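One chain, subunit A, appears in both complexes that follow, with subunit B as partner in the first and subunit C in the second.
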Partner chain A sequence: MKYTVGIDLGSTTTKAVVLGDGGEILGRGITNSRSNYAVACEVALVEALIAARFGLVERAMAGLEADESIRRAWLEQLQEGLRLGQYRAQLDSLGAVLAREARGSGLEAGVREIMDALGAEAPQLYGPGTARQSDFFRDLSGSRYRHFASIAASGAPGLFDPLVGLFDKSILEVENSPAAGEFSSLVRAALAGLDGVPGALRGAVEEAAAVPLELAVSVGTGYGRATLPFPKEQIRSEILCHGLGAHAMFPRTRTVLDIGGQDTKAIQVDPQGIVTSFQMNDRCAAGCGRYLGYIADEMNLGLHELGPLAQQATRTVRINSTCTVFAGAELRERLSLGERREDILAGLHRAVVLRAMALLARSGGVADEFTFTGGVAKNPAAVEALRQLTAENYDGPTLNISPDSIYTGALGAALFARRDWQRSLN
Partner chain B sequence: MGSQTREKLTVAGIDVGSSAVKVVLFEDRPGAPGAMLLGRSERIRRRDPQDVARTLFDACIAETGLTAADLAYVATTGEGENVGFRTGHFYGMTTHARGGLFLDPGARTVLDIGALHTRAVCMDGRGKVSSYRMTSQCASGSGQFLENICRYLGTTIADVGPLSLEADAPEPCSSICAVLAETDVINMVSRGITTANIIKGIHKSMAGRYLRLLTSAGAEGRVLVTGGLAADVGLLAALREGDPGKAARFTVHSHPDSVFAGALGAAIWGAFRVRKLQSKGVDLALGGAAA
Partner chain C sequence: MTTPAEAVPEVRKDGSQHKQKQMIADHFSRLARAPRTGDKCVYTFVPGNLTELLLSFDLLPVLPEINALQSGMRGKSREYISLAEKQGHSEDVCTYVKCDLGMMKSGNVGPTGEKIPDPDLLLLSYTGCFTFMKWFEILRQEYGAPVAMLHVPYQGDGEITAAMRDYVVEQLRRNVIPALERVSGKSYDEDRLSELLARSARAEDDLVWVLESAKNRPSPIDAYFGGVYYIGPIFTAFRGTDEAIDYYRELRAEVEQRLADGRGPLAPDGEIEERFRLVVEGPPNWTSFREFWRMFADEGAVVVASSYTKVGGVYDTGFRHDPARPLESLADYCMGCYTNLNLPRRVELLSRYVVDYGADGLLVNSVKSCNSFSAGQLMILREVENRTGAPGGFIESDLVDPRYFAASNIKNRLESYLQMIDQKRQAGGTA
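Right, the complex of A and B next:
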């Protein structure tokens, strides 16, 4: 089967969407961005192709004589088994780099102890229904490494810092080396780890693994287009991709707001999803996802914890600072004055959305329907603030948010790739 | 005039900044310049600034063998208004001017580069402020900005100065957001630009911003750089190399105790107030200031 792919290289995450030859979405993949852009794109594509293969497995399983729930359970076990295999392979390469970096530093024993513990606990991190802090190796292994490093250093307080420093150094090399493992070997290993697998499931997996997937056209987008690892004619602007992607997800979309890690875009599109006007933030992180990320760092919280905390606010504190760094200082000051963390957070979320409202107004307002995309669309407090402010200012347009909104740009890019492909066939 | 005004006074100055607390103990001598007995600086690092101020203050007193009762005045400046044991508070603009003048009597402008804000204060030979300009709204080019960049580059604020001097082809950089700089810096690193050239480019961009600030404040003659970044030799070099057409009206200087300018100024103003009140016959519960 021929496929087209769109890759969106964002400042925080890199996303890929793979479309089948009928234009249907075969799979989506995501990874954290890193200094080697080509590797980030490759990993996102590998992830999307793995998801595509699982889609094929699911289709092949439809013929199995088993309940829907049982089929689902098998699929999930397979997926988790494959993730565990990937995690272990990456742990191995991390262990090798760490061992090399630690040589002669006196930290060898500590590193070995941590890596043994990481390997031993790996099976508990994966399995049906397990909640992981992150699916990115850097984040997941990093937080577990720090946990075990603090145990390893409990007798020697000076040990923790150099141990963690060693990880920070090594992880760069690990994540900048090409992705290891491909679907068939990974999934076979996962199958081998399951008990009582019926022959029919094994057959479905083999069938899906054997389907040839061949790249037809790829299109890339993302910030810093000049440095994207794609040929020039295969690059489209982020704005166009987000407009088209949002149109594909919600065909009645006329206004798109995308709040990503580093930029906020307000886009107006016509009924065909073609951009008619847009506004974007300029040289300033205020009102971007990174604003909330910076605040989360200041509070020692995970990014996903911010929204739910802000929703527990009893009042919304007015934040006076525009600049992210100043808002961080204002946060500390307000906390020391005894204001509630939740109330300040509510104010910070409102501040982000207020910045977006200004961009929306400059781009031509909010038309019905209104689609909110980007990583911040996952934040319930930001969504709530946006809903409230658009209702106050633009008589309550229909607000669309897709659970896959983070892939909007990549989807748009994949659709452009598909158009290019079809044009080349004619 | 009471006889007490002829005596030496020991006073303390506490400058609570947004990233560090500075404490000085100062001996004020009538008819003579006075002397800084001790100066200490401590990073706040997400602790409660009030606690850091108290601890550092206590440590300074203990180090000199004084007791709180020996102090005629405990003056605060910066964000020190809420320090519970202070006698009085002075505004940052006046304390930096007075402290800068003490460190460098020829200076007519103080350029205070802090963690969040930078200000240019022009003054006369007695420390009276004649004009004042401050950056606002944006942390681009601030001390915090430089510190963030250091973190992204894996170096420390103490090392950037000498590193910057090693640059051979500074990478031009516009005034960028302190937060978004992370990506810009990663971009530069992935393009193979050396740390020294990145830092020098950033120093030049910061210097350009400060030179414009000085020009708009009307700075002339000697400019004394104060605040935490006064010790950054790379930034000082960039300031001196800056646009000569505009910079020609002033020369840029630093002092080893520049970081204490605010605290020193507060202490000196504190002593001044004590003497003024004494001359009017008001005794400021002398000796019990910090009890």
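Right, the complex of A and C next:
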């Protein structure tokens, strides 16, 4: 089967979307962006292709004589088993680098103790219904490493920082190495770890693994697109990709707002998803995702906690600063005056959205339907503020937010790749 | 460290560019010699400059905006702006002003390394930019030089009336000419002024031909980045001179040859293969001029018409300096400069450019510290889009403050804009 792929290299995450030869979405993959863009792209693509293979497995399983709930349970076990295999392979790489780095430092025993503990607990992190802190190896292994490092250093507190320093150094090499993993070997290993697997499931897996997947065309986009490992003609602006991706998700979209890590984009599209006008923040990234990240740090909160907390506000404190750093100062000032955190957060979310509203106005306003994408679209308080302000200013257009909105740019890029492929066939 | 293999490739220039550079350098040398030769210098501004009138008194024009942009291109503006800010000028003040003041405080050394003499007169003929007035207020205080002021009525209703023309001519007769007579020690000679104006009109004919050559496909010129070289002599000290006539005749011949050969414009890194035709509104950035041009050239984007090449005079709508009506035509010239047009007239002009030059769209380069040029640009963009159906794009930079040239952001927006045009072309109505 021929496939086309779009890769969106954002400032925070890299996303890939794989389309089948009929244009259907076969799989999506995501990883953290890192200093080696080529590896980030490769990892995102591998992840998307693994997801695509699981899609094929699911398709092959559809013919099996088993309840759908049973089929889903098998599939989930298989997916978790495969993830566990990947995690273990990366732990092995990490262990090897750590052992090399620790040589002669006096930290060897501590590193061994931590790595043994990480290996031992790995099966508990993966399994049906398991909630993980993150699916990115750096985040997950880093968090668990620090946990076990604090135990290893409990008798000698001075050891903790050097142990963590070793991890910080070693993880760079591990995550910047090419992704290991080829579906058939990974999935066979996962199958081997499952008990009582019916032969029919094995057959479906083998059938899916045997489908030849051949890359037709790839297109790259995003913040780091100039450094993507693609020739120039296979690179598209993220403006165009977000416009087309949003159109594909919600065909009646006429206005798109994307608030990412460092960019806010206001885009107008025509009925075919073709961009007719756009505006981006310039000179300053206040009001972007990083703004909220900074505020979360200032308040010692997780980024995901900000929105729900702001929703508990009883009033909205007015935040006037448009500069991220000044907003931090204003936040501390308000706290010292006795304002509630929830109310201040509500004001900060409104401030973020007000900046976006200015960009939207400059790009041509908000038309019906209106699609909100990017990481900030997952923040319920930001969504609520946007809903209120668009209702006040633009007659309340239909607001679309897809659970897969983070893949909007990659989807648009994949659609451009598909068009390029079709054009080459004609 | 740059190794020989990594050395920056030599900038490629047309013969006219070399000639233009030499003309400007010669002028600065003339200025530097002024204290010895006894020549008098008059500081004045590009929009609404009265060069022929000054030359009729044998006075040498000095144009602070040109000095500032030259400082920007030569990497000196950062230091000059910083010096002006230390003296209390705000970050939001026009960076031409701060660059000029910084240069003055650093010894007033011009782009050729020679000192520019102090003004004998500040001739304030301002058109559309009210910062000019504050600028010369400061210079008057700094130099203690007299000011002759010419108030140019703004074309608020989009036309030049007889009363407006009379008003300007009256000021020329009553204020400006007597001031020039005092400084030069010479009497006003209208015949000499008419001779100069006749030469201006000849150079203007050739300039207009060159600018309109961009209607061809491919365009033989870039009317923005290349255009700033073309307007150099006529916007500065050479209008009304034989040198200007020679320059524009040679430039025209050069462009005629380029046209005959079917060649595109020459950018610093080589000839541009035209893929996009743009109209640009707003001045260019000077501190990263070559890098800015390269962003366009790399994408095959050729600017076929620009408003910036009209700030020192709009000639392609038919205006010519007229030796038969010397002061009246100087008045019409001042009132007709691009910066003195009201927004509807600017919209009309830019829309006509998009249509007449077969452009793919209008791109605005909005300048952070220039309120007079930047005001209304979003409205202009939308209105030109509505009238022509060609998509608009918007980027932001600054004149000579390098802190406001964010290369990656500008490149990102420009590429996005050009890809948007490309997408619309490919779609042709169907996605």
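Simple rule for what comes next: the second predicted complex is superposed on the first by the 419 of 426 C-alpha atoms of A that agree within 3 Å, B and C clash if a C-alpha of one lies under 4 Å from a C-alpha of the other, contacts with A are read in each partner's own complex, and residues count from 1 in each chain.
Here, a contact is a pair of C-beta atoms (placed from the backbone, for glycine too) under 8 Å apart; a residue touches a chain by one contact, two chains touch by 3 or more.
Because the structure is a prediction, the values reported are computed rather than measured.
Engineer: Looking at the superposed three-chain arrangement on subunit A, would you call subunit B and subunit C a clash or a fit?
Structural biologist: Here subunit B and subunit C cannot both sit on subunit A without a clash.
Engineer: Give one of first, second, both or neither to describe whether A:294 is in contact with subunit B, with subunit C, with both, or with none.
Structural biologist: Only subunit B is touched by A:294; subunit C is not.
Engineer: Determine, under the contact definition given at the top, whether A:31 touches first (subunit B), second (subunit C), both, or neither.
Structural biologist: A:31: touches no partner chain.
Engineer: Between subunit B (first) and subunit C (second), which does A:371 come into contact with in this model arrangement: first, second, both, or neither?
Structural biologist: neither
Engineer: Answer with first, second, both or neither: which of subunit B and subunit C does A:332 touch in the superposed model?
Structural biologist: A:332 contacts subunit B only, not subunit C.
Engineer: For A:11, is the partner it touches subunit B (first), subunit C (second), both, or none of the two (neither)?
Structural biologist: In the superposed model, A:11 contacts subunit B only, not subunit C.
Engineer: When the two structures are overlaid on chain A, which partner does A:272 contact: first (subunit B), second (subunit C), both, or neither?
Structural biologist: second
Engineer: Quick check on the output: what are the common subunit A residues between the subunit B footprint and the subunit C footprint?
Structural biologist: Subunit A residues touching both partners: 283.
Engineer: Along subunit A, where are the residues that touch subunit C in the complex?
Structural biologist: Residues 236-240, 244, 247, 272-280, 282-283, 362, 364 of subunit A touch subunit C in their complex.
Engineer: Across the complex, what residues on subunit B touch subunit A?
Structural biologist: For this pair, the touching residues of subunit B are 18, 46, 48-50, 79, 116, 137-139, 142, 144-145, 148, 174-180, 182-183, 186-187, 189-191.
Engineer: Taking the complex as given, what residues does subunit A use to touch subunit B?
Structural biologist: Per the touch definition, subunit A meets subunit B at residues 11, 35-37, 223-224, 227, 262, 283-285, 290-291, 294, 298, 322-326, 329, 332-333, 336.
Engineer: Show which residues of subunit C lie in contact with subunit A when the two form their complex.
Structural biologist: For subunit C paired with subunit A, touching residues are 368, 378, 382, 385, 391-392, 394-396, 404, 406, 409, 412-413, 415-417, 419-420, 423-424, 427, 429-431.
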